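Residue numbering begins at 1 within each chain, and the chains themselves are lettered A, B, C and D in the order written.
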Amino acid sequence: MNVGIVGATGYGGNELNRLLTKHPKIEKCILYTSSEEGKAYRDSYPHLTEISHESLASLDGKRIEEEVETLFLASPPGAAAELLPKINRNKVKIIDLSGDLRLKDSSLYEQWYKRQPADQEIVDQAVYGLAELNKQEIKYATILSNPGCFPTASILGLAPVAAQSLIEESSVIIDAKTGVSGAGRKPGAAVNYSEINENLKIYKVNGHQHIPEIEQALNLLNKNISTVTFQTHLVPMTRGIMATIYVDLKEEMSSEQLLDCYQSFYRDSYFVRVRPLGEFPSTKEVYGSNYCDMGLAYDERTGRATIVSVIDNLMKGAAGQAVQNFNIMNGYEETLGLELAPLFP
Amino acid sequence: MNVGIVGATGYGGNELNRLLTKHPKIEKCILYTSSEEGKAYRDSYPHLTEISHESLASLDGKRIEEEVETLFLASPPGAAAELLPKINRNKVKIIDLSGDLRLKDSSLYEQWYKRQPADQEIVDQAVYGLAELNKQEIKYATILSNPGCFPTASILGLAPVAAQSLIEESSVIIDAKTGVSGAGRKPGAAVNYSEINENLKIYKVNGHQHIPEIEQALNLLNKNISTVTFQTHLVPMTRGIMATIYVDLKEEMSSEQLLDCYQSFYRDSYFVRVRPLGEFPSTKEVYGSNYCDMGLAYDERTGRATIVSVIDNLMKGAAGQAVQNFNIMNGYEETLGLELAPLFP
Amino acid sequence: MNVGIVGATGYGGNELNRLLTKHPKIEKCILYTSSEEGKAYRDSYPHLTEISHESLASLDGKRIEEEVETLFLASPPGAAAELLPKINRNKVKIIDLSGDLRLKDSSLYEQWYKRQPADQEIVDQAVYGLAELNKQEIKYATILSNPGCFPTASILGLAPVAAQSLIEESSVIIDAKTGVSGAGRKPGAAVNYSEINENLKIYKVNGHQHIPEIEQALNLLNKNISTVTFQTHLVPMTRGIMATIYVDLKEEMSSEQLLDCYQSFYRDSYFVRVRPLGEFPSTKEVYGSNYCDMGLAYDERTGRATIVSVIDNLMKGAAGQAVQNFNIMNGYEETLGLELAPLFP
Amino acid sequence: MNVGIVGATGYGGNELNRLLTKHPKIEKCILYTSSEEGKAYRDSYPHLTEISHESLASLDGKRIEEEVETLFLASPPGAAAELLPKINRNKVKIIDLSGDLRLKDSSLYEQWYKRQPADQEIVDQAVYGLAELNKQEIKYATILSNPGCFPTASILGLAPVAAQSLIEESSVIIDAKTGVSGAGRKPGAAVNYSEINENLKIYKVNGHQHIPEIEQALNLLNKNISTVTFQTHLVPMTRGIMATIYVDLKEEMSSEQLLDCYQSFYRDSYFVRVRPLGEFPSTKEVYGSNYCDMGLAYDERTGRATIVSVIDNLMKGAAGQAVQNFNIMNGYEETLGLELAPLFP
């Protein structure tokens, strides 16, 4: 099978390229570009010297239909909304990492992304690809919307207690921390090494575009959840996201009971590793892998539970999850090409 | 005036040494040790070559009384409890950074520190030295208990709204993040560079010994506050603490009103810099200085306020605050020897 | 095939475990320990939760002979010298990463390692495993001595010009820089995060034990080379080694000619990637992979060439190279289990 | 006295501002800009909230003459060449950090900087401000050219042996390593955190514009030195430069003799700290201070000496040295406003 990537020179696209060039079911991975046609990919990423031999191909709807069966969109917000109408979606399956198709309510998209939303018909057709929650739907998707990095860690961390109505619905607070690669490869004052190193910042306070995505997903699990508090921090590291989640429990329960709830919920989820009581995952323990690791504790002093959920933002938070969805959409083993152990230290 | 430091080979003690050797009112700063008598201080800290000429002096109660007027204890927990009974506290003022004298209720000390508490009489006599809240008391202190690093950022971040009863008392959540220097200079697997770098960890979940210190201080400001949720994260950086604080407000208020409340409260506090709306401090913006910087926002969607409070853990979180207290106890200008601009980048 | 690792709880051993558990020809990888028998491996390395199911097995010569066909020694210096006499080396192939068997002249071992050397007979039997230089010998080795991390980068960087006598023999200067993981997992003041972060150190000036290893290898390539200047620096990063090599050329040559020399020399070496003129590899461009990347330039102003050689110290500098040697010793494709693309960023 | 800074929003200018606002002889420090007139300085650098109250003033030659006695140019190359002809240099002393006035031979400037040189008359008038070598000249300078960061560390590291003709003149190799702040605050792909962190790069191989500056200074000390090999590496840290210097000695000498030579040479240089034998400075040991620390060793095996010289690139490598020169030019104590202990850790 041949597949294509739009936006392969970004970090998410590059990670996709790393995974897809080694994927056992993929013969060729074509890299499309709107502006750098003919450029050798290795000139952008010399670490792939002698591995990724492709030159960038011109981004053309017709050509794409003929060349590939699945197209990954690893472009920033806005690109998918613009590109998708030009592609015959009966011929090419789409896996979109841009974020354009995540919010079903387009007015929310406009409000939080400050952009024109994609065609409502495309948005309606897109399946939200969080396989641990809706694998059946993903099997039959032709347009798949890959979840955001923060929402992946946050929703997985909350799903068991949200779905079972164990929490006070208005009590959800997510204190999220991310490495810098999520900001992409584009130069910018905000990602200058000297400003990030030995520094810790909060950003987009009460305004991150991942808030409505998290709320939409939780609301599907539990109608009584409508808003959450979600703040994001920039940590001096390249990869990794941690969501520290605080919830008030409706009824007192032991940490053991809480653990049971999580272990049952994720019994069949290969990529979720719920840790034993007393152990909490650090971000590096999933580095370079597709795992989402969790630890949790109930505090009887306050009646509050703390849940910690970590992912590699470029893997389970982007490219890895996209490949997981690709596998499911094509009837392959969910883990194909993703059986990578985390790199440590 | 001569002063002394016990524990100057630790990071907190070394930072004290940096400040005290340049302090305009101090003639000599004597460094006491229980185990390394005669060793040149620069052998431990070659960055002070030609600056700190002292050799380590033997730790002897009698000698201390004769040599110094104020003694700083920069030792780990347990040391103050053991050392203080041996010193004539009528002759020497004590500034204790060990944490042994912070909790007025000794049973709490035992429970959270897992150690024998200090003599209750000494604990009773010790004044908690958070000058922004109780400068008058500090003026007449002979034993001063210097606040912990996390409590300093957390209590200052909460004091205005706690004192004015603006918050739901059981709603306080503090998500704290710290650099690694707080763990001290002692070698340990947990601070091995390879385990910390490019990694983010949560630790001591629901069990950090700074929890009762924060609760004690908040309870003094507002009798209805008894427990808080407080979690700590280890960030791959050397210096800096950020407390991201979440509180439910009793009544809706604008971010402007919230800002007013903070600005009024800290009008006369030189070392607290409340930022304008929309701006939040990063940890590096107080690096090497004694400032505590704050930013805040109210979210009308959730009825919750987020307050961000940052300090340099070795300065306002330890040595800087100790010198600030020293100044107040001796009738000097509060800022003497502390007018250091943050180092950036 | 079953294989075993001694010292799997160190960083090198852990990296071996990562590679061997995914190696297509290996059924079982048994982890031996002298002191922690029965302990679950994941307790030391939770990132391998649900991946490495082994508990540590007792280190016993008899047992090893029965259980495994190849034994990897990933222990610190001294361990191999002690362990090897207890193992029947007709039954078990040995791949030693400890360094004990690298120096053929045992008096040099004593001088530079400050330890008792291994039995001369074992030392004589051991084949130095730098496959790019002596693959034929490795094929028939029963005891293989895996090169040191610095020597790997340095010798590969010098081999083409040394073998062809293009350089002034006494002019070799290697300025080496390494990440911290080379120092291992043992706690120590020298690897405390706060001492390493935002810091750069030189260490073991004129005294690093890898000096005689480099000299021995170069002398085999060119009898006229007897000593080199080799200094090592500790860089605030976890993985990666760069050797910046300075040599005076005997005769003026263009950078193009120099490049030709390197490209010819490494034509058949899968893991060496010589970069085009004007491009120099950074350490992260080989991160997590078994590549050794090189860049070079001749400076006609000074008559001197600069050669840059980078590896991942835990991969081509240790575990990856050991697996490469394992493949060759067993007649497998050299690259088996090592076709990992570098992880970037 | 009033002084002015052009380019205060860069890192070097910001560091100057930190030093000059606390300098005991300076009443007011005016910040000039060509493009951001009226902007509050703290908007660019919120860490100086309540410390630097200035707004940026318009850059006007007339105005500058009236307002300040000394003007610091902390602009990138090219700015000084353009600005200086517009200022009456009889009224305002100039301290230039741009590099435009360092090379006396303007053809070298063109060749290495790829720019139009400044007027030869201005270049001729400018005094090179490395006070440890030419303090007398600096006293009477009206235009001072502040040395580059790498040349400062390199020239100071070589001066004693160069001046006394102890080294083979063509043997000088300087392997330099720098933190990222030297690249300035401008956004750029090369300084994106994700590209720098956990990475080590060599750059500008054989082409760094500081090469002719180093050669010019060494040639003044020793006519027989004409070229050096000088390579630069980018280290994942913000501040700090280390020059590891390799030289062949003409005659064998002990490390003790070499140390004597350095200690004598720098006997009266407050800011140079020559370390005892066996001890080498790390970059963090001068962090935030104006020191240049050195360590050295002679290796009798190779006849080569290794000299290590470290500075903080923003202090002794830029702003600190500029203030040192300012002090000398105005007859103040050389150390005024610069008695800052390094910040550690």
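Operating definition for what follows: a contact is a pair of C-beta atoms (placed from the backbone, for glycine too) under 8 Å apart; a residue touches a chain by one contact, two chains touch by 3 or more.
Please read these numbers as outputs of a predicted model, since none were measured by experiment.
The chain with its Cα centre farthest from the Cα centre of chain D is A. Across C-D and B-C, the chain pair carrying more C-beta contacts is C-D. Look at where the CA atoms of chain B average out and do the same for chain D: the two points lie 36 Å apart. Look at where the CA atoms of chain C average out and do the same for chain D: the two points lie 39 Å apart.
Averaged C-alpha coordinates put the centre of chain B at 46 Å from the centre of chain C. In chain A, the residues that touch at least two other chains are 11, 179, 181, 194-195, 197-198, 236-239, 284, 287, 345. Taken together, the chain B residues at the contact with chain D in this complex read 11, 14, 18, 21-22, 45-51, 181, 197-198, 238-239, 273, 275, 279, 281, 284-288, 293, 339, 341-345. Looking at the complex, you find that chain B touches chain C at residues 11, 180-181, 183, 185, 187-189, 191-198, 236-238. For chain A in complex with chain B, the residues that touch the partner chain are 170, 173, 175, 177, 179, 194-195, 197-203, 205-206, 227-229, 231, 233, 235-240, 242, 244, 246, 280, 282-284, 287, 295, 297, 299, 301-302, 304, 306, 308, 310, 345.
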